[in-house]
Amino acid sequence: MSFALWFARLGEKFLNLAIYVGGVSILLVQTIRFAIMGPLDRFQVFDQMKKIGVNSLPIVTLISLFTGVVLALQSAYQMQKISAQLYIASLVSLSMMRELGPVLTALIVAGRVGAAITAELGTMKVTEQIDALETLATHPVRYLSVPRFLALMTMLPILTVYADLIGIIGGYMVGVYKLGIGSGIYIKMTFEPLMLKDLFTGLSKSIVFGVIICIVACYEGFRTQGGAEGVGRATTFSVVTSFILIIASDCLFTALFYFAF
Amino acid sequence: MIQRENIEVKVGIFVFIGMLILFIIVFSIGDFYLWNPGYSIRTSFRFINGIEESAPVRFAGVNAGEVKDIQIVTDPVTGQTLVELLLWVRQNVMVPENSVITINTLGLLGEKYVEIIPGTPDAKLLKEGAKIRGKDPLATEAIAERAYAVATKLDQAITHVNEVVQDPEFKSSLKQVVVNTADATNSARAILSQIQSGQGTFGKLVYEESLHKNLEDLTGDLKANPWKLLQKPKGKKK
Amino acid sequence: MIEIINLCKSFGPRRVFHNLNLTIATGETLVIIGRSGAGKSVLLKHIVGLIRPDSGQILIDGVDICSIRSITEVDKIRMKFGMLFQGAALFDSLSVWENVGFALIQHTSMSEEEIRHRVRECLTLVGLKGIEEMKPAELSGGMRKRVGLARAICMNPETLFYDEPTTGIDPIMADAITDLIIDLHDKLRVTSIVVTHDMISAYKVASRIAMLYAGKIIEVGTPEQIRNTQNPIVKQFITGAAVGPITEAEGLAI
């Protein structure tokens, strides 16, 4: 009896997962189709770009600066033992560009912007504003999802570039002012081990992260039910899901780039 | 409407600075050759020993560029199959016409690279698109083949030595030699002991006091009267 | 003319409609009454194509809105509709004039000046003035409903849907809204479909009243016929008695 119950629950869980994956995929396809088809509301896109990109810059700056500082200090601890402090520069720049820049920025934006998107769309859903959009012959995906999609896809890589640079500056501050490495040699060691591939794999990752954040947040918003409590639940779920998907896809991408190139 | 423009300006500045940073990073990264000024030269080999595109090019041991393209061509004159490499080198690297281009390996299992050994400074410099014949590297197979030949010869020699050593006749004669040598040393010892005791000609020569005295007298006399050596024959002739 | 034929819809195990039939004639004002949660709003959403039925047809001037797959075709039909939502459902990121002129901004190439002119006209029709630049959050409940109504009539619709127009506002404002519904019906010559459980408002605006109960329309008639109904269920509802066949059927769940 308990086995049958357990099995039924498993089946239900699997069904819910299938519904989730299916819903997210359909939303993604619809969003891309509307984005290509147009027409685009330029103001909406710019407004979202400002909310997502420009307004996220202070926190991204703060966190990537501290990450750069911590990275340099922590590696100094070990590197000094084998008197290889010079390589701190390379270590900071490589790990910022390849991994920490894109992933940290994506996590910050998922927490800051993804939550806001879900909360906004969820509130619109429970107050029937989404239905109102439809009765005004405007598709919610076109009006709400497409501007956020385009803004996230373009702004996240640009934020990542900022994060890369600021992280490197953080490492530079530690390396030059605390550990006494020469400024010129530090800059040289920062860029010497880097290849364009490192930069562009990082940026292509962040485009994918942008897509994940947008689609997960919009999907959770669109399917919100049950008033203020429902909005809260949807927001939490949206942030948790994008965190998991960002880390999982990062793992996948790193493996892919490692084996394929 | 003012608000809209304000937003666009903010986004514009944000994107512009982001792009600027991207460009600075891209240009700072070392492996970005394409937009640096430089020129390319063509060089042909009969054999390139597995060099690949974007392999480094070194000029006098300094990194100076990379291999841009590899093509298999047929020499129109001789009909020989050649491999043509397109080498990109930085503008400030001046390659004289009589430089030697070879393909080299970094370390024992390392990467292949193109080495340009600079020629004499009085030679003309290579220009964009110039063609130069490269010095073929030794194929790994050729080296192996030669090593095999050497090994074969060595093997043959060892076989011959073995044949001789293992021959029973050789063995017995070798034994005879040893026996003979032993006899010889025995008789030599006997002779030496006789010499020591002053017997025989050698014994007397070494141990007789009188002989030594005579010789001393003679040399003393000769020192005192050196003319004696010259006078005598003159006297005879007269 | 709108015809609903054998409409069935379930949400999970809960059956909302079971072979529901209803015909709405052009130009009339039909009031749909029923208990909270009986599915009145759901019925409205079916007609405007927000929810797809499990089976059955909804013919709008002979076209079945449920079987249209193309979004643009559905949107074409929706342009003929205007809907006032229960909570007005104004877009709170936009100002009042952007809300009222939303469809014009989205679907026409009219200049801002022309749109603002049209918005002023609509706001005058619902009795508002000088609030174009305000945000919905700054408005009172009654004003929001009026702005929502102005948005609904902005595209000159043929049919207006009112989802509980008098719920959540004070009785004086409720009566004003009721008068507005009659007023707009006469001025704009529209078909009106009103969902409510406010019987005062229902008697006042209706040309016909339909009672929705247990997934079906159990009675349709003029306000006079409904007032004098012999159906015990309808009778309990219109008199608002706590004891009767409806509460009995639901057991103790009062």
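Order of writing sets the chain letters: A, B and C. Residues in each chain are counted from 1.
By definition in this document, a contact is a pair of C-beta atoms (placed from the backbone, for glycine too) under 8 Å apart; a residue touches a chain by one contact, two chains touch by 3 or more.
Since the structure is predicted, the reported quantities are computational estimates derived from the model, not experimental observations.
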| item | value |
| --- | --- |
| Taking each chain's C-alpha mean as its centre, the one farthest from chain A | B |
| Chain with minimal offset from the mean of all protein Cα atoms | A |
| Interchain centroid distance [CA atoms averaged], chain A/chain C, Å | 42 |
| Approximate Å spacing (C-alpha centroids) for the pair chain A, chain B | 58 |
| For chain B paired with chain C, centre-to-centre distance based on mean C-alpha positions, whole Å | 98 |
| Parts of chain A lying in touch with chain C, wherever the complex brings them together | 120, 124, 127-129, 131-139, 143 |
| Partner chain B, residues of chain A touching it in the complex | 43, 46-47, 49-50, 53-54, 57, 154, 158-159, 161-162, 164-165, 190-192, 194-196, 198-199 |
| Touch list for chain B against partner chain A, complex | 4, 7-8, 10-11, 14-15, 17-19, 21-22, 24-26, 28-32 |
| Contact footprint of chain A on chain C as seen in their complex | 45, 48-50, 71, 75-76, 78-79, 81-83, 85-87, 89-93, 102-103, 106-107, 151 |
